[in-house]
Structures are given as structure tokens and as C-alpha cells.
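You will see chain A twice below: alongside chain B first, and alongside chain C after that.
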Partner chain A sequence: MNIIQNLPILVVIVPLIASFCMPIIGLFRRRYCFYLTLITNFLILIFAMLLLNYVINQGEIHYYLGNWEPPYGIEYVIDHLSAFMIILISFIAFIMTIYSKEDVENELPTNAPLFYTLFMLLTASLLGIVSTGDLFNLYVFLEIASLSAYTLVAVGKKKDALIGSFNYLIMGTLGACFILIGIGFLYLVTGSLNMADIALRLPSLYSSHVVHAAAIFFVVGLSIKIALFPLHVWLPDAHAHAPSTISVFLSGLVLKVGAYAMIRVLFDIFTVEFFVNTLPIAEVLSWMAAIAIIAGSINAIAQKDIKRMLAYSSVSQMGYIALGIGLANTPGIMGSLLHILNHAFMKGCLFSAAGAIIHKYKIRNVHQFKGLGKKMPYTMAAFSIAAISMVGAPPFGAFFSKLFLALGAIESGKWIFALIILISSLLNAAYFFSILERAYFTKLHDEEIEEAPISMVLPTFILAMGCIAFGVFMFILEPFLRDIATSLL
Partner chain B sequence: MRRVELEWIVGRYNYLIFIALALIGFYAMIAKKNLIKKIIGMNIFQTAIFLFYISMADIEGRKAPILVPGVEEYVNPLPHVLILTAIVVCVSTTAVALSLIVKIYQKFGSIEEDEIMEMMK
Partner chain C sequence: MKMDIISIKPILAVLVSLMAAILIVVFRDYRNIREFWTISASIIKFTIISSMLPCILTGNTLYYELFSVLPNISVAFRVDALGILFGILASFLWILTSIYSIGYMRSLDEHSQTRYYAFFALALSSATGIAFSANLLTLFIFYETLTLSTYPLVVHKETPKARSAGRRYLIYTLSGSVILLFAIILSYSIAGTLDFVNGGFLSKSTSITNLQILFAMFIIGFGVKSAFMPLHSWLPSAMIAPTPVSALLHAVAVVKAGIFGVIRVIYFVFGSELLLDMGLGMALAYFVSFTIIVASLFALVQDNLKRRLAYSTISQLSYIALGVALSNPNGLMGGVLHFVYHAFMKITLFFCAGAIYVVTHKENISELNGIGRKMPITMSMFFIAVLGMCGFPPTCGFISKWYLLLGSAEANQLLLIIVLIVSTLLNIAYFFPIVLRAFFKKPAKQNGIEEAPPLMLIPIIITALISVLLGIWPDAPYSFFHIVRLMEGYI
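Entry: the complex of A and B
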């Protein structure tokens, strides 16, 4: 057995072991924790590249834990979608490790080892969610990810962070309980926990009320995890008060992995046939998403705190991803997947730029951003690139994801959703351009360049470059995404 | 007619108890103002789910899955094992929640939600 065949488990185990070593190393040398995190995340990035390369050229990898054949044992499956998510997670994790050095020294100087322990635990569990092929394993990793996320939100400096974290915990646990009930119902009727096995046994049971209830529990539970509009109340507090590195992680990855779980459950376990025709899940999901897109944007306009504004913007952007899932056709799914990628980079870049600004000038209110374009030229340049991409201007990445979503809406004959995407882009422009206008077109007297440290600016810039690259090199991504979409439908 | 209904209830009483307990827990999590009571509600909700898993595995007339000569039919042990994992998750969630409440009490001096909201304004 060669190394590639073992990678699906290594990609989870390595960060997990690193996470357990972290407090011990922290006892001796606090500085080493950062380097261990950096090395581990670099290693995972290499693993992820190997996996992606193998999956594209040779096809899926199946790894049986403890050599127990499925459906008896736990199976790890890396297909195109998983490989796509793994490379996204490992890349953002690596970039954010570089960013975290200054951020951690500033925001929680004494507890660096514990911060990195939870950071690695979060990375490990996110990678676990996307690589597992077992439903119960998915639940366990989802809970590990949520638990480390609750704690990481609570380490924020302000005392409001505690309340944000507590509300996140209550809502997150409710979501997890619903998912657990859903898993129980599915196990009750199919007698299996392996995703592929359940998918084989389900079609003959589509008329069963137990299966209907299970589907609804899954959708509601995962909607809480991805903060779909009426269930989003926990998100703004949690994302706004967390340390900046963690804001990037929560918005960029934790929400995205929830969306991945939703895609997996709806398309792979239940089929499109079931959630479009048997139950009107797709219809409800796409209308909720449409409301989320508009309501998130309007709420974002009303915010003065930069991180709160970005958090509400995340609510709106998760609406796009849910809309693509609800449309359930090839362009819709492609738009969803592309938006998962683009939003992780855009929101990552925006949050890390906001973090750099807060780090340097201690300002959070957008009205105080006057003249920042002159004072922090590089950070604001990255911020502007991500903001313009967010609005959806070509040739930036988000233009294409919105284009695919609009195409999907038109293909299924629901023109109203294409219109909503357009309106929301205008609303996005309203709040981002007002920031850019303040930053660049107000004259100040003391215009000295005072940048944030290079270890914060560089990651922000790399993420901004990503926003451009995914737009310009769309022709490389497109066939890959089409492959995933056709394999899901 | 009434007899049939009664049989329906008696035959499924474990699920009915699960639903009742889960709703009690759900109500406490959403409606109670005291943070500790919220956590108690969370625990009731989770325990209800454990009860659902455990009771669904049991089949009348079958023995526990321990290899004993003379016993042919066993119940499925897998849901019990799953619930062991879920209990661990439940315990750690409770631990995190309680430690958060301790921190909240130290910072705000109260664990009543409305009082804290008043202070945050």
C-alpha cells in the first residue's frame, strides 16, 4: 500500500496529533507552537495537493478505517468534491497561520499554546468532515469543529464575545441535535450509516414518513450551521467578536463546510429526485436563500462596526450558496461550489484586512476609515480588490459564481432569483463603496504611511490575488466544477 | 376504535416519551432566561435523543449482544455504541457551556439573559 492510499486518514490524523502535542510544547517554549502549526499546515497543504492530483488523474480514493469493509466499518472517501474542499481548507489554514502570529500576540498574548491547540483541532475536524464517508462520523467531526469554534470565539478580548459564544453554542447544539435525530431516523429505516450504502437503500423508502422527517431534520439542522436567514441570529455576534484570524476561519471555512455537508446529504444521500419532487425542500430552500440574500445585505448596510458588517454580509453570501443548492441544476451547483471557493477568499481577505486595520489603528467604526487609503495603501488595496469582487464586477471571481447562479435560475425558469442576485449586487455595492469612498476620497492632514506588519499584509494580499486569479483562470476551473456538478446530479 | 388507539400508543410509548422530553428540552433552551436553565434544557434534549437511539435498538425477546451458549438472537449493539460517542459530545458541550457561564458571571455579575442584555446596551 503506497502513501497516497493512506492520505485520506493522514490528512485528519496529522493535525489532530499536532493539536495534542501543542499544550505540551507550550509548556517549554511558547514560540514553538506557532512554528509547529506552520509546519503541520504546510504538510497538510502538500497532502492536499497530492490528493487533488491523484483524484483528478486516477479517480476516487476509498480508505477503510482499521481495514473493516463498509458498511460495517467507517469509510473515508475522497472524490472530486472532497478534494476540492480539502485543498481550500488547507490553503486558507496555511495562509491564516502566517497571519495569526501578530494577531495572537496582540489579542491573547498569554494563551498562545491553547489558541493553537484549538486552531489545529478546528482544522483537523474540518478536514475530517469533508473526507469522511460515514454519516455518524460526520456528526462527530461537526461537533468537534463547533466546540472548538465556540471556544475560539470566547477568547476574544471584549466581554461581548462571551455572550456571542454562548448564543452560538445554544444554536449550534440545537442544529447538531436535529442532525443527530435525522441520522437516527435514517438508521432506523435503512440500518446503515455509510453514506453510499444509505443512498442505495433509500429509493425504495421514499414514500416513508420517517425518511421525510429525517430529510427535514437534516435541512433545518444544517441551515442553523450555515446560518440561513431566519436562523442566522448567532452569526453576527460570534463572527464580530472573535479574534480576526478566527473570524476568517468561521466565515471562510466553518460555514462553507456546513454548506458542503448540506450538498453531501441532499445530493448524495437523498437524491435530486427526492428533494425536488417528493418533498418541496428545494423550493423552500431557494426562497429562504433569496430572502437571506436581500435581508443580509440590508442588515449589513445598517452596521457601523466593520466586522459586524462583514458578518451580515456573510449571511447574505451564504444565501447565494443555498440558492445554488436549491436550484439543483448543473449551473446552480457550479455557481454554489464556485461561490464556496470565492467567498472563502473574498471574505477571508476582507476580514484579515479589517483585522490588520484594527491591529494597527484600533478602529472598528467604518466612519473612522477616512484617509486609510493613504495611510495603509497595501491593506486597503487588498480590501478594495475583495470588495469589488464581492460586488461581482468582471473579471473577478464572484462575477462568475453569480453568473452561474443566474444561469441556473434562468434554466429552471425562475427569473425572479436572477433579479434578486442583481439587486443584491447593488446593495453590496452600497455598503462596500461607501467604505472605499471614505478611505480614498477624503483628504486628511497627517498622511503618513503606517502599514500593519508584513506577516499580516502578505496573507491578505495573497487572498486578494486569489479573488482575481479565480476570475481570470476561470477556464481552468470550469471543467473541474462541471465534473463535480454532473457527478452530484 | 378506542382500543386500537390505545394499542398504537402502548406500542410506541418510547417514541412518544422521546418526543415529549425533546420538546421540554427545546422549550427550555429557547424560552428560559436563566443561562443555567438553558443548559439544563439542552441536556434534557440530548438525553431524549439518547433514549430514542437506545430504545429503537431493543427488540422484545432478544438478548444483549454477549456471546453465551444457548442464546441465538441478539439485539443490534451499534446504536448503543453510537450513543457512547454522543454522550461524550454532550458532556464536552456541557463543560464548555458551563465554563462560559462562569466567565459570563465573572464579567457581568449575572446569569439572567435580560439583565445581561441590559448591560450590553
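Entry: the complex of A and C
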């Protein structure tokens, strides 16, 4: 059997094994944990590239765990969407591993093995969520991801982190319960847990109230996971108090994987026909998303702590992604997917830049950012690129995702959403330009360049380059995203 | 027969200054090499753009498509008569402004000069991109980058006042962009294309009310940069920027990008016929004539020289809009000629203001008593430009104003003629006192002649002389007049 055919499971199992090895290695040499993580994540990145290449050229890969054929056994399916998510996760994970070295030494010097154990566990479970074709398996990985995320938030030095983590735990568990109930209901009526199989059996049951209830449980549960307003209350504390590496992970990947799960459940299991026409889920979702976009941005403007500001901005940005899902047409989905990619890079870059600033100058309050542009030219350059991209200015990446979303809104005849998307750009501009203004256009007397360590600046810069590249080379991405969107609809 | 010739030149023209921006940052520690890149980029850019001129003058257009974003939307460049007019204007004046900038920035020993030159080059890239855009999306992309690259130039001084000017600039322009982008998306959903077509791509098949709202959104979107009242107030406050920025960007590149957008919308998105049918052309003409008068009144009471010039710019920009909104050959001719001529005259005035500031550190008109005796050359050039602004022959301002009056007469709009005449009187009322004060009032103390450094003086003389030359020999070979002639087909 071809090695490529085994990659779907390897991509999950390798980080899982690495995670179990971590505490043992940590017993001997703490810093070896970092190198093991680095090597593992590099390996996964290569796997991801091979997978993407194979999927684009040869089509989907189906892997049966233990050779049990579905619907009896667990199936792993790598299609375009999965491959897209896998490459995103593995790339950010690899980049952030480099970043984590200084961050971990600074923020949790004694807990490095614990940190890397959880870090690998989180990576493994995120990869598991996007590769599996089995609904219950997806739930299991979702829970592993959440549990490791709760712990990673709490691993920080401060008490606030514990409170943040506890809130996250409560809300996250509620969400997980809802999802589990949804799965249970679906199993009840279809007798299957394989996604493709359920999708096959569902259409005849669309009038069943159990199916309706299942759909609603799924949507609410996943809305908590993606912090859709007003179910976002756990997010700001959790993201703000986590170690910077983890903030990037939570904002950039954990939320995105929740959005992925939502796309999978709504489009592949329930189909557009069901959630647009049978139940008004799409309608409700898009309105909630629209409120999230505005409310998140307004909250972000009011923040002084840089990481809280970025966290609220994530609430708003997840609104864009949810809006695209709710629009349920080709440009809308393309916008969502593109924004998953763009936001992962932008917010990743912003959080890692914020982390570098906190690492170097111990300042979190944006009012103290005066003159930073001259003190940390490279970090702030990366920050500016990502911030301007967040505002949605061309030719950066987010301009195109917002453009697609707006076109999707117009296509479905809801121009009000297009207007909300555009106006929210102004709100984004309000808080990002106030930072840039302070950082660059304030005169300071001591303007010595003192950069953060290269292992933090380089990853930040690579993420910033991504923000530019996804805008300038959008035309390469576009056919790929269009393929995914048409296959979903 | 008109042809679309595939050519990479438009992209090169955009990329030249982008590359220059990178080189400027790389060579930030060697100021002579850094300035060398600015100057050579401006010369190369002008050469590339003018090398396209012969081809355009034969009625052809140059086209290059970079890539497509969506079905029927691509990032593409097309150089036509209007585009090359703006391109040549901006790139030629960039050469002079670069030379002037070196004199200005070094005389004042300004800080952050690398940032200044780099963003200046980026702004020029964006302006060229706007000039050569083949569709609304491409135009919008460069329109936004122009906004963002000008922001650091506005806040260059880094004082609280500069920061608040910058904030105001962003609030106005970004809000304008939001409305503009919304209008663009709506047009795409209506027409399924965004490519500029002579005669417009929108048709009457859409309901009139929708088209009217759409047009209003376009005008508001582009109107911010064109400084139509009441969307103008960012421009006077942006005068806190270094004078070369005010000269090239806030009298030519940025504000004219707005007007350029208005022209594109009138003739290439809606088409003059559709607009006249809906009565929107005249509505726009009357809307801007309000700006013409009121901005001149505002200018009367400004004591800060640059602010007075800014209000004059606001008023003059609306002349251009008035001409093109009339949608008749003479009006269009007058508007587009004023687009060019105003640039030469206003840049001269700003250059003079900068020279005065460098020599005397004075910004207010009330302090300029007798400055004409101290800086005779500068103030003579200032006087020539003032004559042009007021529309006196033999300067070029007379010619464009003449065509504007002809156009208004042709459209049977007596009221617009009155507006133009009254505003000319107002121009005299706010410009002549400066000249009189400079030459005839006794200064506090007489120090003898002290002119600005030659790097500043030479550009001033060149622009002033060109303003006269364009007035006495408007149809010289390869002059703007011939390019404008090509635009008669737009109507």
C-alpha cells in the first residue's frame, strides 16, 4: 500500500505519539521537548504538503481505521477542504513552535514539558478533527482539543488565567454537551455515525423533529466553540491570559477548526437544502454573525489591553466566517474559507507581535505603545501589515475575503450584510490605527532599537508575509476555494 | 481602427516607484544614494509613461491583464487618453517635486526622511495605478493604497496636531472608500462586469431610482478625495504635511485621483448619455458649483498661506467636476484641461509657499509684508501662478476657464456662467492681497535678497514657465491639448 494512502492517520498519530513521549523526555532534558516538537511539526508539515499535492492531483483519500469498512468502522476522509485545513494547521503549528521557544522560557520556565505535551496533543486533535469522516470521532477530537486548550490557558503564571480557563471550561463543556446530544439524536434516527452515511439517510427524515432538534443542538454547540456573539463571553479572558503562543493557537486554529466543524456538519451532513429552507438556521446564523461583527469590533475599541483587544477582534472576525456560512452561496463560502486562512495568519501575526512586545517591554496597555515603531521596527512592521490587512485594505488578503463575503451577501439579496461588512472595516480601522499612530507618529527621546529575539520576530514576519501573499497571489487560491465551495453546495 | 495593444509598460510604470520605495529603505543610511533612487525612479517613470504617448495619440490603447479575481473581474491595466493624461501629469511633476523635496527636506533638516521618500514613491505608484486601471476594482485597489501611503506623509510632523489631521484624513477617506466599495459591488451585481467601457457599462434596464442612488454613492465615494463640500474638511487640515506633499499630493495626485474617479464614473461607468437622460449631470454641476463659491469664501478668511491655497484647491477641483458634469465637448475639454493646468499653477503656488517657509519660517499671510523684495524670483513666480488661477491671459488658466464658460453657455446654464464669473472675482479677492502685501507693504526690517536654495528655486521657475507656455502655445506638438482632443469621443 502506498505511503500516501496512510497519511491521513499518520498525520494524527505522529503528533499524538510525540505528545505521549514528551513527559518522559522532559524527565531527562527539558529543552529536548522543544526539539521533539519542532521535528514532529516539521514532519507533519511535510505530510500535509504531500496530502495537499495528492488531493489536488488525484482526488480524495479514504482511510479505514483497522480496515473496518464504513459505516461500521471509523473512516478518515481527506478531501479538498480537509487538506486545506491540514496545511493551515500544520503550517501555523510549525511556525509557532519556533516562536514558542523564547515564549515558554519566559512565561513558564518550569512547565516546559507540560506545555509541549499539551501543545502536541492540541495539534494532534485539531488535525484529527479535520481528517476524520466519523461524527463521533470528530466529537472525541473536539473534546481533546478543548481539554488541552483549557489547560494551556491555565498554565500561565497569573490568577486571571485560572479564571479565564475556568470560564472557558464551563462554556466549552456546555458546547460539547450540545454537540454530543446532537450526535446522539442523529444516531438515534439514522443508526450511523459516519458522516457520509448519515448524509445519505437524512433527506428522508427532514421532517422529523428529532433531526430538527439535532441540527439546532449542533449549531448552538458549535456557536459556543467558535465564540459567536453572544456566546463569546469565555473568549476574551481565555485568549488574553494564555501564553502568547497559545493565544495564536486559540485564535488562529482552535476557533477555525470549530468553523470547519460547522461547515462540515451543516453542508455535508445536513445539506444546504435543509438548513436554508427546512429550518431558518442560515437566516438566524447570518444575523447573529452580523451582530457579532459589529459588537466584537465595538468591544475591541473599548479595550486597553492589547491581547484583550485582539481577542474581541477575533469575536468580530469569527462573525465574518459565520456570516459566509449563513449566506450559503458560492462567494459566501469562498469568503468564509479565505477568511479562515487570512484570519489565522493576521491574528496569528498580531498575537505573536503582541507577545514579542510583552516579552521585550512587559507592556500590555496600548497607551504605552508610544514610539514602539522605532524601538521594534521589524515586529511593528509585521504588526502594521497584519493590522492594515485586518482593516481590509487592498492588496492584502482580508480585502478579498471581505469582497467575497460582500458579493455573497449581494448575491443572496441581503445588501445590508454587505454594508455591515464594509462598515465594520471602519471600526477595525478605529482601533488598529490608534495603535499604529501611537507606535509610529509619536516623538520619543530614547529611540534605541531593541528588538525581541529573532526566534520570535521571524515567525511573526513570516505570518505577515502570508497576509500580503494571500492578497497578491489570490488568483492561485481562487480556483481551489471555488472547487471546495462548489463541492459543499 | 482602434486597437488594444498588449503591453507591459503600464505595469512597469507602476512598479518603478514601488521598487524605488524598497531601494530607498534599503539605502536609508546613505542619503545621497537614497535621493538618487527617488530622482532616477521619477525620471524612468516619466520616460516609460511618455513612451506610450505616440501610440495613444494614434487612438490606440495599451492593455495588460495581470490576473482575474472573479469571473469578469480582473486586475488589469488599460492606458487610454484620460489615463495617460493623469499619468504624464503626475510623473512629470514628481520629477520636479523630488528635486524640490531634497532642497526642502535638507534645508529644514527634517526627521524621518527615509519614511518620507519611501511613502512618497508608494503614493506615486498608487496614483499611476489609478491612472492606468482598466476597471473599477483595480482602480479601487490603488485608490486605497493611495490613501494608506499618504497617511504617514500627513502625520510626518508627529505633533498632536499632525496626528489629529491624520486621523481626520483617515476617517474621511476610509468612510469614502466604504461607500465607494459598496457602490462598486452593487454595480457588479447589476451589470456583471466592472470594466470601463466608453459610454458606460450600466444601462437603463435597471430602475432609475437605483441608478440615481448608485451615482450618488459613487460621487460621495470619490467626492471625499475630490474635496467636494461638505466632504472637504480633511484637506485644509492635511496642510500640516511637509510642503512638497501638499504640493504634489494634495494639489495633484490625491485630489485629482478623486476627480479622475468622478470622470471615469461619468463617462465609463454610466456614460454621459444615461446621465443626461436622468438629469444627473446637471445635478452634479449644480452640486459642485456650491463648492466653487463657498470654498472661495472660506479662502478669503484664511491667514495661513497653505490653508488658503487648500481652499483654493477645493474650489478649483470643483471647476473640473463642473466641466465634466456638463457632458458637452467644450465643458469636458475645459474640465480636463483645468485638470492639467490647475496642477501646474497650484504646484507653483505651493512650491513658493514652501520656499517662503524655508527661508523665513513664516506660514501666515499677515507676516509676509515685503517678502517680494526679499525673495523677488519666488514671488514673481507666485504672481504668475496667481494670474493663472484668476484666469488672466496669457497664462494657461485662461484657456481652461474659457472652455468652461463655453461649455456652460452651450448647455444654456446662465447660472453656472455666473458662478464661474463670481468665483473668478473671489479668486482675485483672496489671491491679489497676498501679492500686494508681498510687493508693496514695507517689511519690518529689510535684509536684502535671500532666495531659497537652487534645488527649490529651479522647480518653481520651471512650473511657472510651463503655466505660461501652456497658455501662449497650448497646441504645441505632444502637448496635453492633443490628448484632451482624443476625449471628444467620450460624449
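We take it that the second predicted complex is superposed on the first by the 489 of 489 C-alpha atoms of A that agree within 3 Å, B and C clash if a C-alpha of one lies under 4 Å from a C-alpha of the other, contacts with A are read in each partner's own complex, and residues count from 1 in each chain.
Definition applied: a contact is a pair of C-beta atoms (placed from the backbone, for glycine too) under 8 Å apart; a residue touches a chain by one contact, two chains touch by 3 or more.
Quantities reported herein were computed from a predicted structural model and do not represent experimental measurements.
Chemist: With the two structures laid over each other on chain A, which partner does A:141 touch: chain B (first), chain C (second), both, or neither?
Modeler: A:141 sits against neither chain B nor chain C.
Chemist: Going by the contact rule set out at the top, does A:429 touch chain B (first), chain C (second), both, or neither?
Modeler: In the superposed model, A:429 contacts chain C only, not chain B.
Chemist: Looking at A:173, would you say it contacts chain B, chain C, both, or neither? Reply first, second, both or neither.
Modeler: first
Chemist: After lining up the shared chain so the two structures overlap, which partner does A:393 touch, if you call chain B first and chain C second: first, second, both or neither?
Modeler: second
Chemist: Based on the superposed arrangement, let me know which partner A:84 touches: chain B (first), chain C (second), both, or neither?
Modeler: Touch partners of A:84: none, neither chain B nor chain C.
Chemist: Could you tell me if A:165 is touching chain B, chain C, both of them or neither one (first, second, both, neither)?
Modeler: first
Chemist: Would you mind writing out the residues of chain B in touch with chain A in their complex?
Modeler: So the residues of chain B in touch with chain A come to 22, 26, 29, 35, 38, 42, 45-46, 49, 52-53, 56, 76, 78-79, 82, 85-86, 89, 92-93, 96-97, 100-101, 103-104, 107-108, 116, 120.
Chemist: Inside the complex, what are the residues of chain A that reach chain B?
Modeler: Residue positions touching the partner: 136, 140, 143, 147, 150-151, 154, 159-160, 162-163, 165-166, 169-170, 173-174, 176-177, 180-181, 184, 187-188, 191, 193.
Chemist: In the complex, go through chain C and note every residue touching chain A.
Modeler: So the residues of chain C in touch with chain A come to 67-70, 140-141, 144-145, 147-148, 152, 155, 158-159, 162-163, 166-167, 170, 174-175, 178, 181-182, 185-186, 188-189.
Chemist: Of all residues in chain A, which touch chain C in the complex?
Modeler: 331, 388, 391, 393-395, 399-400, 403, 406-407, 410-411, 415, 418-419, 422-423, 425-426, 429, 433, 437, 440-443, 474-475, 478
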